[in-house]
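Paired with chain B in one complex and with chain C in the other, chain A is shared by the two complexes that follow.
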Partner chain A sequence: MRPCFSQARCVRLALARSTRAEGVNAAVQWSALRARCHQRVDDLLQRTGIPYPWDINQFLDRLERHRGRDIDLCAISWTVGDSCGAWQQHDDHDVIAYADNTSGFHQDHIILHEIGHMISQHRGRCVLSQDEAHRIAPDLAPAAFAHLLERSTGDVEEYEAETIASLIHQRVRVRPQLVIDVVPPAAAQRLSRVEYIFGG
Partner chain B sequence: MRDVSVDTAVYIRRWRVTESDQHTRSFADKLASLIETVHPPDRGPYSYREIAAGIADHPGAMTAAHINQLVKGKQPHPRIHYVEALACFFGVPVHYFFDDDVTTRIDDQIAKVSAWRDEEARHIAERVVELNPRDRNTVTNLIDSLRAYDEQPRATRRRRKPTTTDNA
Partner chain C sequence: MGVSALFLSTGFVAFLIAGYRGVLRVRGQRKPTEFPLMVIAVALGFAFVFLAPASQAFESELAPSLGRLLSNVCTLVAAFGCLHLMLYVSHPAEQVPAKVRIRLITLLIAVGVMVVMFFASSPPTGTGIFTGLYRSQPTLAVYTLVYASYLGSAVVDLAALALRSIRGARAWLRLGMLLIAAGCVLAAGYLIEKVIGVVSELITASPAESYCPSAFATVGCTFAVGMPALAVLLITLGTTLPTLGPRLEHLIRGLWHRRSLRRLRPLWETLHEALPDIVLATPDPPPTPSLTGEISEQLYWRVIAIRDGLLTLQPYRDPADTRAHRDQADAAGLTGRRRAAAIEAAGIRTTVHRRRHDMPFRGYSVEGNAAAEHGDLTSELSWLTQVSDALTRDELRRVQQS
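Here is the complex of A and B:
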């Protein structure tokens, strides 16, 4: 099944959709994509676990240790038409920008989405501010920027990142017992008995 | 010549005049140049079929075979709505095809954007909420915020979310 967000895309991407249908290698295997995302999330969470109770800051601390690279969170104020999250790679650390004028749950989701890009080793794309765009190429229309700056794999990468964010968020809510991994076995046994009696 | 505005008629006249001048670039040459240079960084030029699909909703829609003929110079004087469709697809002014000065200027701008794109440090992955194409590549607020954040010394800047009761 195709992700619903691609419906809202621009003319050029609608074109990409039609070429995808006719290209031999271009067809996106959505089930394979989902399987790939599941695998990445499994691999990641096996190393980091999930903080219980859930805390994005603690999760980032664990992720930093796992990757051996610092991750800094930069709060931005989202405005209509702008992106509400971004991941920028620096030489020795990563910066994740997230909109802080939205719900806490949504903020976490934005951050997890960027982590999705990160663990999938997506390359990202070049973006310009409107001033920069106007300075460099005052006569080019948005369509030209779309052709020159967008990666053709862009919507697949967005979908992967979004899937990974959702998968991690799902585990947060339905599987807090993963925390048992870091609890001594005896205590874990008692805990699971308590959960059995009172409900997990 | 129905449906052609005065402005475009002027362009057509001027174009036909310059067409006879052997020093100017032909329509076919300019179109080939656009196809060669304007495409995403991780793939090659668009095929004629892709371009045809991209202008399918435009009044100047045409077949891939027709685009092929234009590129090969077999139809050196395409009708204006075809020219407009191609200009629209590539995001360049219609004058690109008629005025050599504009062609030079636009080619230069395309080269500059490509060079800018290839500066690795500018690449970011984004979570995009609004999928309006006009805004997708020009994200002023985001870039300004990131730049301001980068300017803060790493030791003193806030690296984590402030803890709030709103937390999920």
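Here is the complex of A and C:
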């Protein structure tokens, strides 16, 4: 079994967001950021599609196939000062930690937030001291935390991840007009064209 | 139902649909298939306007039966639009312009033959009914058979597409495909009856068509007038519903979201006042939402912020408080979801108070807080709005005071 976070820090909930917003480059326009996120989500969902009915595990399966890397989910119970979500990048797989003591909808958002970091190829920064890292995950070498991303650190990357999560999560609610899993590939291609022609 | 009224209203629906597609195009929907879809709707609209007996009376003053010729040509243009669309289904979009040329040439030949045959004949004045003339004027029979053949090929193509797509289509797209298939069946019935009638008259000299006072006066009239009108209505609606349906759904959902946003306000204000950090600060915040999509997005952010707030308050939850709230809910006679929402609302008030006074619950254990349900936005909204309503009602405090 792969090592898993026992806890992680959540600056998103621990720090004042308005304060963190000051750290954001004022030149970064919300509309430009949104356009960038829309593009990333469109590109991703064009390749993975969205399972219907929505299931985060099925979506992660599709993402794994698309990226050619395993993604392990690791449930944590959030406490004050901890992170309610984190992404750890390993050589051959990724680990997403998420708070499980909240609603399923909120859990999905937290996981999608980390996926937002992932598809945006954010580098993040390590926010844990070596002692803290050792405390929360004694089995992991401190270097393994080099790419630990907090769910919300207040910089542009965090807004991007949060926006991507919301965009993906909102697309989930759109009822698909096709069920291409039940037909052969050639018919699926034809059906996609039918939807393209007649669909919105 | 008067034939003129039926045809003119069918034409009006087709024009409305063409207008709707035009609006989509102006708003940025620039799919190459929008052009043939608009051609189909406009051509069918004109076909029915030209064919309405009221219009034909005027058109016949210019040339006898001119309305029928104009209407039939428009119908073939619509059929060409259908064949054009079929190319987009069977070939990649970039190959379609080259392949559509041959279909355009076929259309021009068919229309050319029809025009020559029409003017080579002596069609009657009035409503363009060729009854009893096919045997004496075979040019009119050629005219009708060329028309029926070209239209028939488009109907068969469209029907095959719709029928093959029904299985894999869902929701509005499936309904659209069903309507198109039904429309094609009616159109095929109309064409078969027409061809049989013409051939029968050529062979037996018995009249192929008779004047119809209304669309469904006789079986013959149903085939000749009622079915083509219904077929056009069904096909145009079938091509439009897959785009219009989701937009209507979106609009209705927007109204519901606007209401939910309003209902969440008490809960939101309670949490935001205690935990201002739950608002997502943005570099350049979006303007006040007004469109449906913006409202839905704001609602989404609000739900996430509320959940963040509730998560932050968890360490301040004291099981003893929850037990007391349960007792108060029972004393108030509350049951079911209303009871649960009232207990949750009272718990939020208490934890907000504890948080303000920095009084976390010493015995707090994360294991004690099992993951809540509510897996999608609909169920999440249903629960949170109930909690928000319960905060406003504050029923447990009244029990406490009494």
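The definition used in the following text is that the second predicted complex is superposed on the first by the 122 of 200 C-alpha atoms of A that agree within 3 Å, B and C clash if a C-alpha of one lies under 4 Å from a C-alpha of the other, contacts with A are read in each partner's own complex, and residues count from 1 in each chain.
As a working rule, contacts are C-beta pairs under 8 Å (C-beta built on N, C-alpha and C of every residue); 3 or more make two chains touch, one makes a residue touch a chain.
Everything numeric in this text was worked out from a predicted model, so none of it was measured.
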Which partner does A:Q170 contact after superposing on A: first (chain B), second (chain C), both, neither?
-> second
More chain A residues in contact [chain B versus chain C] = B
With the two structures laid over each other on chain A, which partner does A:H122 touch: chain B (first), chain C (second), both, or neither?
-> first
Can A:S77 be said to touch chain B (first), chain C (second), both, or neither?
-> both
Answer with first, second, both or neither: which of chain B and chain C does A:R190 touch in the superposed model?
-> second
Mind working out whether A:Y159 is in touch with chain B, chain C, both or neither, as first, second, both or neither?
-> second
Using the touch definition from the top, say if A:F59 reaches chain B (first), chain C (second), both or neither.
-> neither
Look at A:N101 in the shared chain and tell me whether it touches chain B only, chain C only, both, or neither; answer first, second, both or neither.
-> second
Dual-contact residues of chain A, meaning touching chain B and chain C, are 12-13, 15, 18, 54, 77-80, 84, 100, 103-105, 107-108
Chain B touches which residues of chain A in the complex?
-> 5, 8-13, 15, 18-19, 22, 54-57, 60, 70-90, 93, 95, 97-98, 100, 103-105, 107-108, 110-111, 113-114, 117-118, 122-133, 136-153, 157-158, 161
Across the complex, what residues on chain B touch chain A?
-> 38-43, 47, 49-50, 53-54, 57, 88-93, 102, 105-106, 109-110, 112-114, 116-117, 119, 122-146, 149-150, 154, 157-161, 163-164, 166-168
What does chain A use to touch chain C in their complex?
-> 12-13, 15-18, 20-21, 24-26, 28-31, 33, 54, 77-80, 84, 99-109, 154, 156, 159, 162, 166, 169-170, 172-180, 182-183, 187-188, 190-191, 193-200
Using the touch definition up top, name the residues of chain C that touch chain A in the complex.
-> 31, 33, 37, 85, 88-90, 161, 164-165, 167-174, 176-177, 239, 242-243, 246-247, 249, 276-286, 296-297, 300-301, 303-304, 307-308, 310-312, 314-315, 360, 364, 366-367, 369-377, 379-380
